[in-house]
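We just call them A, B, C and D in the order they show up, numbering each chain from 1.
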Amino acid sequence: MTHLYDIVKFGIYALMAFSVLAAILAVTVRNLFHAALCFAAVLIGIAGVFLSLHADFLAMVQILIYVGAVMTLVIFAIMLTERFGDNSSPQNNSLTLAAFGLAIVSLIAFSTISVKTRWPIQENAGALHLSVGELAYALLNTYVLPFEVISVLLITTLIGAVIIAKKDRVS
Amino acid sequence: MKSHLLSWIIFSPLLVALALLFVPRSQTFLLKWIAAAGTLFVGILSLIALGAFDPAQTGFQLVERVSWIPAFQVHYFVGTDGISFPMIALTALISFLGCIGSFGIKEREKEYYFLYLLLETGMLGSFLALDLFLFYIFWEVVLVPMYFLIGIWGGPRKEYAAIKFFLYTLAGSLFMLLGILALYFNATPHTFDLTLLVQNSFAVPLQKILFLAFFLGFAIKVPAFPFHTWLPDAHVEAPTPISVILAGILLKMGTYGFFRFSYPLFPEAALWFRPAMALIAVIGIIYGGFVAMAQTDFKKMVAYSSVSHMGFVLLGLAAFTANGFNGALLQMFTHGIITSALFLLVGVLYDRAHTRDMGAFGGLSAQMPVYSGILILFSLASLGLPGLAGFISEFLVLLGTYQAQKLWAGLACIGIILAAAYLLMMVRKVLLGPAHEKWAKLPDIHAREIFTLAPLGVLVILFGLLPSLILNYITPTAQALLLSLGGKL
Amino acid sequence: MTSYAYLIPVFPLLGFIINIFFGKFLKRGAAWVSILSSLASCALGLPAAYEVAKTGQIFSAHAEWLTLGRSTLSFGYLLDPLAATLLFVVTIIGTLIQIYSAGYMQDDPRFSRFFAYVSLFMSAMLTLVIADNYALFFMSWEVMGLCSYLLIGFWFEKNSAANAGLKAFLTTRVGDVGFFLGILTLFTATGNLNFTELESSVHAAGATPALALAALLIFCGTIGKSAQFPLHVWLPDAMEGPTPVSALIHAATMVAAGVYLVARSFALFSAFPSVMQVVVLIGTLTAFMAAFIALSATDIKKVLAYSTISQLGYMVTALGLGSLSAGTFHLMTHAYFKALLFLGAGSVIHGTHSQDIREMGGLLKKMPHTAWTFIIASLAIAGVPPLSGFWSKDEILLAAFDSGNKIVFFLLLVIAFMTAFYMFRLVFLTFFGTLRNHKIHPHESPATMTGPLWILALGAILVGLPGSPFFGHWFSNFIHGPVTQGTHEIHGSGAVHHALNWFVVGCSVAAGLGGILLAAVFYLGKLNPSVWVMRTFKPLYDLSIHKLWFDEIYSVLLVRPFLKLGQWLFIFDQKAVDGLVNAAGTGTVKSSNLQGWIDKHIVDGLVNLVGVVTQLTSATVRRVQTGLVQHYLLITFVSVILLMYFHVKP
Amino acid sequence: MIPLTHYLIFANFLFVIGIFGALVRRNIIGILIALELILNAVNVNFVAFSQNTSPDPATGQIFAFFVIAIAAAEATVGLAIVLALFRVRKTILTDEIHLLKW
């Protein structure tokens, strides 16, 4: 069992590394289309991480919504603005160096905080299994108000996006 | 629906107004008919309320009372009685007819009908609110749509008229707000609830000050003599249906305020200010009549005639007799009907000829026989011909006044003669005399316009012949009010 | 029959409704609708009147109409001898005149509207006649006034007609307001408006000043409606209306309603001798003045109009003298012969298309029916026995004689003389001699017009008889029977008298015949002294021809000042009242401008100093605003990191 | 299992990369992708904390759901804006869109 356990553990770490790598590619690659594909890879990786946290349903949602819907949108947008998709002008601006420094500094800072802080870990941490039914119950009872607000938000978004993106009749 | 009937009445125009927002502005047909259906719905609701209303009972009926802002004892408190009920019926009727009359409006219909319905909610709310805070809110809600309705769809000097109307009435209502706040802090316990406030008896000097504060708010709305100058401007510049609403309903909010708030809350002060009220009323009656006589503009003449006729309401108030109160309340109703009709008629003529100068017309009776018949009918009603509604109310007011103070009644009678003079001079100039060739092609009044006028005509004749139909609703409350003020029947 | 009396005014009302809404489709049938409706009223009204006359009873019933505090106003009908008399007059004359109108108005484009108005008038007049209280009386009184207004201005294309209607309505309105106040006074004083209880309530209240005031104010109504001095000016102008209207409304019925009002309120009036004196004064003055003006009038209808005013003054005088029967009797006889006179005049106008008697002459041969009936009526009004006018006039003179007031008696005699004179001046100028304007081609009117003339002529001859000694003064007994039972007669003159006073009869006949004779001398013979008279009494003649300058005086003293006052007040309204409002507005703006100046130059000076410093600073600092989102993001993020650092560090 | 800290560090990486991307990308779509990365990092944190420190594992997951929903909304509107912008300005490069500068 130990063996299997280690393999799984290793797999998870590999997934994390893969995700981080893909993320780095997603923000550095010149071709935007490739960047989008890398981002999709990151999302799938994160879905795997969710699985490792026993959040099966969330992982499914992650893949369905993010990879399925949001990514499609992004790729469509890239195609519609084709001219800038893969041109030869630099994809990065003059802030690169400053941003890189800032990134390193904050990474160190956050990681230090993460490590140094004493988290109030639960007894049964990492072994909490949550059925979809329980999740649904929580969503439609305790959190029903935010849930509804979110639905209103989505409707609004839908209408708003249509109105913003449609061709202006006057001009 | 029965249990929240009054709330339905107040807010259904608002709901329809919100629904209008989802109708594309190009669908003018839909916009018009939805608005008309909305106002008609209020009319139907008020008919239902008529069934639920018990005229013999004097207290508030169909009451709804819900705590609204508990920290300040503000309640959503509505109810009706014999004072407000006729006004609700009037508002529902005039709003519906005005809405039909608005079909001629050709620009920015969506905003127009939205504001129109909002206005109706404000007016209905003002007549039904029994919590002073709520009342004040509805009172102010009326101002805003009115401002835009005059300012956007009005005549050449619409901006001036709209701003004048708005600032003038707002200034008045600010005093009223101060009065309301003073009432709140002087009442024990602190409350805005009218029924509770009435149980307080305030010190007489305080009553006098508060009466004055409320008086400014209400008298400007009426409008009583020195505060009336916004009226001709607003009327002349406003589009026809808005003039109708203004004269038919808005003015009554002022006198209604006296009946509902000033008198019950400050009985001693009301008695003390009685001569002053009567003076203002009599001056208004005579002065309005004289100035109306000098007008060449048809609409302005009707506007000044309102000043004169509303003077009778104030006179009835000042009389402090059952007949006076009865007459004043009835006059509010009949004047609403008659003047609305007159404004609609002015609009009919203006739509065709594009002028309101009475001197420019003449002999229209020959080619517009139906129009002139209707115009003569309402002119006669306005000048108080017996058998028509205007007479009964003036008769009651003058009878009540005569019982209280003969001189006032005698002076007010001059107003009756003047009314006959300016109205018949108008008929003479517009309808009679040799026909002008210029107007030879004017078509007679058409079906939609007749439709807006016919119910008013029927009511004018009906209430003229059988006044008890409406007096049965008014009298018990008017008598109860008089008794509660310490008067005798 | 009597229990259906309330239906009497309903038929003409139905006629009105049918004609006003469907008149367009009925065309000539409109006349039938009106005539049939008033025939129906006749059929109900005459038997009812007969019932009253036969039994001497009073029939009345009422229903509650309006509750006023503790008292109640009710609507109902009251059939007593007075009402029966008026019913007899109004239904018959009204029907005849409508038949006549069908011929007279034949070619009018607004034929149906005319009959609609007439029907409405009939309805109102009949309501007034049988009304049992002041409220209903006043309502129908005003509706009558409305019909009068509409019918005077019936040919509204003529400016004069339109103006006459306005004048009529406004003038009577002045009187009506007095009447209205009178009703209020009476109601406040006695709490009762019913005619049947009037007497008892007046007795109960006693002769208080309030009641005297009520009587005077009610009399104002009479002054307006019956065209008494000083509100008589509208009636001559009212002749602008179609002639049948003049006959019906402005001669026979409506104007007599004022007299009827006094008769109805007789219990109230007779309680106050001083009020009665006012009534006599006004009546006599009016009668004399109008007769004086009629002497010189040249318009055939104007002569008749002034004659009407004069005769109404006669009736009012009679009532003022305390003789209810004489006044009412004259009202009845006058209605017949004056309607006849007007219809005759209408026939003349119809036949000649002219109204100026100076253009006419010799019509006797061309229009025999018209001429003979006209002459009969003129004899009646002149008081030639045994025609109806003689009996009624004689009773009035007798009442004056019995009252002991010699001046009034003398004046009434003079008026009788003048009446005979001007009427026969009219007759002689119109029907005798030769035609003076040869452009006129007179012809006799159709039978629908001459028929009613003869029926009315019969009436003018006969209706006087019930009041004559041959029938034992039946009429006066009838009137006095139930109404004033137990009342004290003021001067005793109204009391039943069974003997003729031959002195009075002699005076009366002499005055009448004298007037006719003088007119014959002036206008029949070749000798024409009228020019001489005109020259000799020029001031008097001028006074008469200018109608005593009443219209001019009213115009200068009342109408124009009122209109001017209106205009002044309007200017005042705009300049002063509204000016104040606008001044408040501009004042606010002005003061804000001043504050604005101070603000700009003083307060702002300091601020500007600060501003300059700020500007310099910001000029450098604003460089941060690059407009690039990512720069802002960077700064934000760095700030967050720093914040966290400082927050976490301790 | 894997300790909480590791998940946090993983999330930190994603977050910092996202920040970096948002700062350096010239293309607005690139920035949007970077922002999505940041949101995902937050999601990882939510789920990890909820699994390890909260008595109720549902809360964190539900918040993650909400974040996903909002992220979707944000992406939709953002991309719509990009399209509109592109139509009007013919560019989606941030350094060419700087009307709001001094």
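The criterion applied here is as follows: a residue touches a chain if its C-beta (ideal position, glycine included) is under 8 Å from a C-beta of that chain, and two chains touch if they have at least 3 such contacts.
These figures come from a predicted structure and were not determined experimentally.
If you compare A-C with C-D, the chain pair joined by more contacting C-beta pairs is C-D. Chain A and chain C have CA centres that are 96 Å apart. Note on chain placement: the centre of chain C and the centre of chain D lie 92 Å apart, centres being C-alpha means.
Once the centre of each chain is set as its mean CA position, chain A and chain D turn out to be 7 Å apart. Each chain gets one centre point, the mean of its Cα atoms, and the points for chain B and chain C are 33 Å apart. The residues of chain C that reach two or more other chains are 630, 634, 637, listed in rising order.
Each of the following residues of chain A touches two or more other chains: 93, 95, 98-99, 102, 106.
In chain B, no position touches at least two other chains.
The touch graph of the protein chains shown belongs to none of the named shapes. All chain pairs in contact, by the document's touch criterion: A-C, A-D, B-C, C-D.
For chain B in complex with chain C, the residues that touch the partner chain are 164, 167-168, 226, 228-230, 287, 290-295, 321-323, 326, 363, 365-366, 369, 373, 376, 380, 385-387, 391-392, 395-396, 398-399, 402-403, 406, 409-410, 413, 416-417, 420-421, 424-425, 427-428, 431-435, 467-468, 471, 475, 479, 489.
Residues of chain C touching chain A in their complex: 630-631, 634, 637-638, 641, 644-645, 648. Partner chain C is touched in their complex by these residues of chain D: 19, 22-25, 31, 94-95, 97-102.
Across the complex, chain A meets chain D through its residues 9, 12-13, 16, 19-20, 23-24, 26-28, 32, 35-36, 39, 42-43, 46, 49-50, 52-55, 57-58, 61-62, 65-66, 69-70, 73-74, 76-78, 80-81, 84, 90-93, 95-96, 98-100, 102-104, 106-107, 110-111, 114-115, 119-122, 125-128, 130, 134-135, 138-139, 143, 146, 150, 153-154, 157-158, 160-162, 164-165, 167.
Listing the residues of chain A that touch chain C in their complex gives 93, 95, 98-99, 102, 105-106, 109, 113.
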